[in-house]
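One chain, chain A, links the two complexes that follow: it is found with chain B in the first and with chain C in the second.
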Partner chain A sequence: MRDIAYYPGCSLKEAAKSFEDSALKVSEEMGVNLKELSRWNCCGTVYSLTDDNLMKQLGPIRNLIRARDEGSDELYTLCSMCDNTLKRANSLVRGEEDKRDKINNFMDQENDYEGSVEVHHYLELLRDDLGWGEVRDRVVNPLEGLNVAPYYGCMLTRPKEIGLDDPHDPTVFDELVESLGGTPVDFPYETECCGSYNTVDNEEMVLNKTQTITAGAKKSGADVIITACPLCHFNLDSRQSDLLEVAPNHKPVPVIYFTQLMAIAFGYPEVNKFAEHAIDPREVLELKTKAGSER
Partner chain B sequence: MDLTNSDRDLTAEVEELSGENIFSCYQCGKCSAGCPFTEEMDQLPNQVLRKVQMGDGSVLDSNTPWTCASCLSCEVDCPKGNDVPAIMEAMREISLRKNLDRVDLNELETKDLPEIALVSNLRKKTG
Partner chain C sequence: MLDKPETETLEIFIMGKKYEVPRGLTIMKAMEYSGYQYIRGVGCRGGFCGACSTIYRLEGDYKLHTDLACQTTVQDGMYLTQLPFTPAGRKQYDLEELEISNNPLLDLYPELARCVSCNTCTKTCPQDLEVMDFVNEAIRGNVKEVAELSFDCIQCGLCAARCPAEIPHHHVGQLARRIYGRYQAPESEHLKERVEEINNGVFDDELEELVNLPEEELRERYENREIES
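Let's turn to the complex of A and B:
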C-alpha cells in the first residue's frame, strides 16, 4: 500500500463524510492509502483576493507547512474548494517574494516555507498518476447504460494557472465516467457556477441556478450528476429539495460525489450512505446499475 | 459628472485593494456576457468597472459585488487578463473595512447550512 499525504478539510469530516468514506475505500482498492495530515486547520474555503491583507493567506499556507514538516512534497485534496485555495496560496508563496517574506516573518514559530509542496486534486492522481487503466481494472459493476452529467463547477478549472483542466472544455470527469463503463452526457451548464456562498444570504439566487443546472442535466438525459465540491453538492442536492417545494413540477436529478460513483462500480456501494442525500439516488441507480441500490 | 476628490480616491483604493490596474479594462463587456448572475445584479460587472475608472463613488451602493459569487468565469474570459473578481472583492472590502457587514450571523437561519457555506460566506461578506 502506497501512502500519499492527504488534506481532508472540514467538510469531508462533516457534511461530506460520504465523499471521504468512498474516496478512502476506492483508494484502498487501488493500493493507495490516503494518509491524513496529523495536524491541519481550515483552509478558509475561499482564496482571499485582497492584495493588502496577507492574514487571510496564513490558513492555507500553514497546511502546506504541515505537509512539508511531515516529509511530503505532494499533498492531495478531495474538496475542490480546498484544492483551489491551497493551490492559489501556494502560487502566491512561489511567485511573490515580498509577500512570502512577510508571511514567513509573521509565522516565526514555523520554519520558512518557499512553496516546495505540490498540491494535487485526487482527480489528478487518477488521471496523471495511476491512470485510467488502473481505474478500469478495478471495475466489477460497469455502469453500463448509466448517463452521468459531469458537473465541474468553478474551482477545479479556474483560474487557468492552477486549474486541472481546460476551463472551457474540461474532460477529466468524462474520462472517469467512461473508465467506469458509464456514459458521460454533454450538458450546457457543466462549468457554470451554482451560486456558491450566496446560498447563505440569497437563497433565491441559488435556487434559480439549481433549477437551471439540474433541469439542464435532466434535459440532456442525465440519470445522475457528479461533483467534487461539497458546496456545489449542497446547492444542487439540498437546495433541489427546497426547489421542489416551490416548483413541484421540477424533475429532480440526484447529485453524488464522483468517488461514490467509483464505489458503485468497484462493488462497494455500502460506503455511500445515499439515504443521507436530499434527492435519493438509489432508485435511479438501482434501475440502471447492478449494485448501486444498496444503502 | 461630479468627480470630487473623495470619489477620485475610489479608483486608487480599488487598485490598491485588488492589485489590479483598473484602466486596462477597455469595456468590451465580455465579463458581463459570461457572468451567470447578471439578472440579479443592478449593474453589469463591466459597468461597475467603468464607474470605478471614473471614480464614481455611487457605485459603492451597487449590489453587484455582493451578488458576485467569485466564480472566476469572467477572469478566464477577459481578453485583457483583468481579475474582475478581485475588483469585486475590493469593492466589498471598502464597505467591510467601514464595519458595514453585509451579513449578520445572528439573523441567519443557519441550522441546515453546512460549514463550507457559512465559512465562505462570512469570509466574503463580513469584516
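Let's turn to the complex of A and C:
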C-alpha cells in the first residue's frame, strides 16, 4: 500500500462524508492509502482576491506548511473548492515575493514556506499517476448502459493557471466514466457555475441555476450527474428537491460524487450511503447497473 | 562564615512606571512588592484558576507576550500590565435543554466561522494548548476532539483578547467539554455509585461528626490524618 498525503477539508468530514468514504475505499482497492494530515485547518474555502489583506491567505498556506513539515512534497485533495484555494494560495507564494515575505514574517514561529509542496486533485492521481488502465482493471461491475453527465463546475478548471483540465472543454470526468464502462453524455452546462455561496442568501438564483443545469443534463439523456464539489452537490441535490416544490414538472436527476460512481463499479456500493441524498439515486442506478446501488 | 549574599534586583515597568524589584519574584509578587494590591485578577496563585492573565513586552523586542502573573518570574526590562477580565461573549444555555444538532458549537458561536487560521490564539495560550486546532475541530463539529484538545484550558481568556476574528475560544471549549461529558462520554460507573451512596446518606454520620467537633480536636485530626506523601 502506497501512502499519499491527503487534505480532506471540513465538508468531507460533515456533509460530504460519503465522498470521503467512497474515495478511501476505491483508493485502497488501487493500492493507495490516502494518509490524512495529522492536523489541518480550514482551507479558507474561497480564494481571497483582496490584494491588501493577506490574513485570508494564512489558512491555505498553513496547510501547505503542515504537509511540508510532515515530509510531503505532494498533497492530494478531493474537494474541488479546497483544491482551488490551496493551489491558488500556493501560486501566490511562488509568484509574489513581497507577499510571500510578508506572510513568512507574520508566521514567525513557523519555518518559512517558499511553495515547495505540489497540490494535486485526486482526479490528477487517477489520470496522471495511476492511469485509466489501473481504474479499468478494478472494475467488477461495468456501468454498461449508464449515461453519466460530467459536471465540472468552476473550481476544477478555472482559472486555467491552476486548472487540471481545459477550462472550456474538460475531459477528465469523461475519461473516468469510460474507464468505468459507462457512457459520458455531452452536456452543455458542464462548466456552468452552480450559484455557489449565493445559496445562502439568494436561493431563487440558485434554484434557477440548478434547474438549468439539471434539466440540461436530463435533456442530454443523463441518468445521473457526477461532481467533485460538496457545494455543487448541495446546490444540485438539495436545491433540486426544493425546486421540485415550486416546479413539480421538473424531472429530477440524481447527483453523486465521482468516487461514489467508482465505488459502484468497483463493487463496493455500500460505502455510498445514498439514502442521505435529497434526490435518491438508488432507483435509477439499480435499474441501470447490474449490481445495483446498494447490496 | 559565608557573607549573606546581596539580593540582586532588576528593573521592571508596571503600566509604564519604573520599579526595582528583587530577582526571582513572580510578576504577581513583584507587583505586590511594588505596592500594588490585587482586588481582581488574582485567584489560586498556583497556575490553576486562570484569573491572573498578564501581558508584557521585553525591552527591545517587538513581541507581545502573554502568561499568568502567578507563574512567570520577572525579567529585566519587562513592561507589564494585568488583564483582570476579558469581555468575551458567553452564550446562555441550559445543557439539559440544548438541542444537539450536527454542530451545536457553531450554532451557539457562529463567529467560529470567522477564523482565518492565523494561529494567534495558539501562540497566546499560557497553557500551550493547540487552540487554533480546536477551533478548526469546532468548525467541523467534532465535539469530542474539541473537548480533548481544550481539556487543560483554565479559561484565562487571553486567546479571545488577542483573536482578530473575535472568537471566544475558551467558552467554545467549555461548551464542548460540557456537551461531551453530558451526552457523549461513557458514563463512569463508580461515579454513579458514589453519587448514589451520597444521596442515600452513607456519609452523613461521618460528616455530622466532623461538623460538631471542637476546633482543637479537628486540628489534631487534620494534622494526624493519613496522607500520601
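The rule we apply is simple: the second predicted complex is superposed on the first by the 294 of 295 C-alpha atoms of A that agree within 3 Å, B and C clash if a C-alpha of one lies under 4 Å from a C-alpha of the other, contacts with A are read in each partner's own complex, and residues count from 1 in each chain.
One rule holds in what follows: a contact is a pair of C-beta atoms (placed from the backbone, for glycine too) under 8 Å apart; a residue touches a chain by one contact, two chains touch by 3 or more.
Remember, it's a predicted structure, so these values are computed and weren't measured experimentally.
Chemist: Considering only the touch criterion stated at the top, classify A:Q109 as touching first (chain B), second (chain C), both, or neither.
Modeler: A:Q109 contacts chain C only, not chain B.
Chemist: Quick check on the superposed pair: does A:G216 touch chain B, chain C, both, or neither? Answer first, second, both or neither.
Modeler: Once the two structures are laid over each other on A, A:G216 reaches no partner at all.
Chemist: Using the touch definition from the top, say if A:P254 reaches chain B (first), chain C (second), both or neither.
Modeler: The answer is neither, since A:P254 touches no partner chain.
Chemist: Looking at A:N41, would you say it contacts chain B, chain C, both, or neither? Reply first, second, both or neither.
Modeler: The second partner, chain C, only.
Chemist: By the touch definition at the top of the document, which applies to A:R62: first (chain B), second (chain C), both, or neither?
Modeler: It touches chain C, and chain B stays clear.
Chemist: So in the superposed three-chain picture, is A:S238 touching just chain B, just chain C, both, or none of them (first/second/both/neither)?
Modeler: A:S238 contacts chain B only, not chain C.
Chemist: So in the superposed three-chain picture, is A:P167 touching just chain B, just chain C, both, or none of them (first/second/both/neither)?
Modeler: In the superposition, A:P167 touches chain B alone.
Chemist: With the two structures laid over each other on chain A, which partner does A:P184 touch: chain B (first), chain C (second), both, or neither?
Modeler: In the superposition, A:P184 contacts neither chain B nor chain C.
Chemist: In the superposed model, which partner reaches more residues of chain A, chain B or chain C?
Modeler: B
Chemist: Based on the A-chain superposition described above, do chain B and chain C contact any of the same residues on chain A, and if so which?
Modeler: Common interface on chain A, chain B vs chain C: 10, 14, 42, 44, 56.
Chemist: Taking the complex as given, what residues does chain B use to touch chain A?
Modeler: Interface residues on chain B, with respect to chain A: 16-19, 36-37, 39-40, 67, 69-73, 75-76, 83, 85-86, 89-90, 93, 102-103, 108, 110, 112-121, 123-125.
Chemist: Spell out the residues on chain C that touch chain A in their complex, using ranges where they run on.
Modeler: Checking each residue of chain C against chain A gives 102-103, 115-119, 123, 130, 132-133, 136, 139-142, 164.
Chemist: Quick one: which bits of chain A touch chain C in the complex? Just the residue numbers, please.
Modeler: 10, 13-14, 39-42, 44, 55-56, 58-59, 62, 106-107, 109
Chemist: Can you list the chain A residues touching chain B in their complex?
Modeler: Residues in contact with chain B: 10-11, 14-16, 42, 44-46, 48-53, 56, 79, 81, 154, 158-160, 167-168, 191-193, 195-202, 205, 208-209, 230-231, 234, 238.
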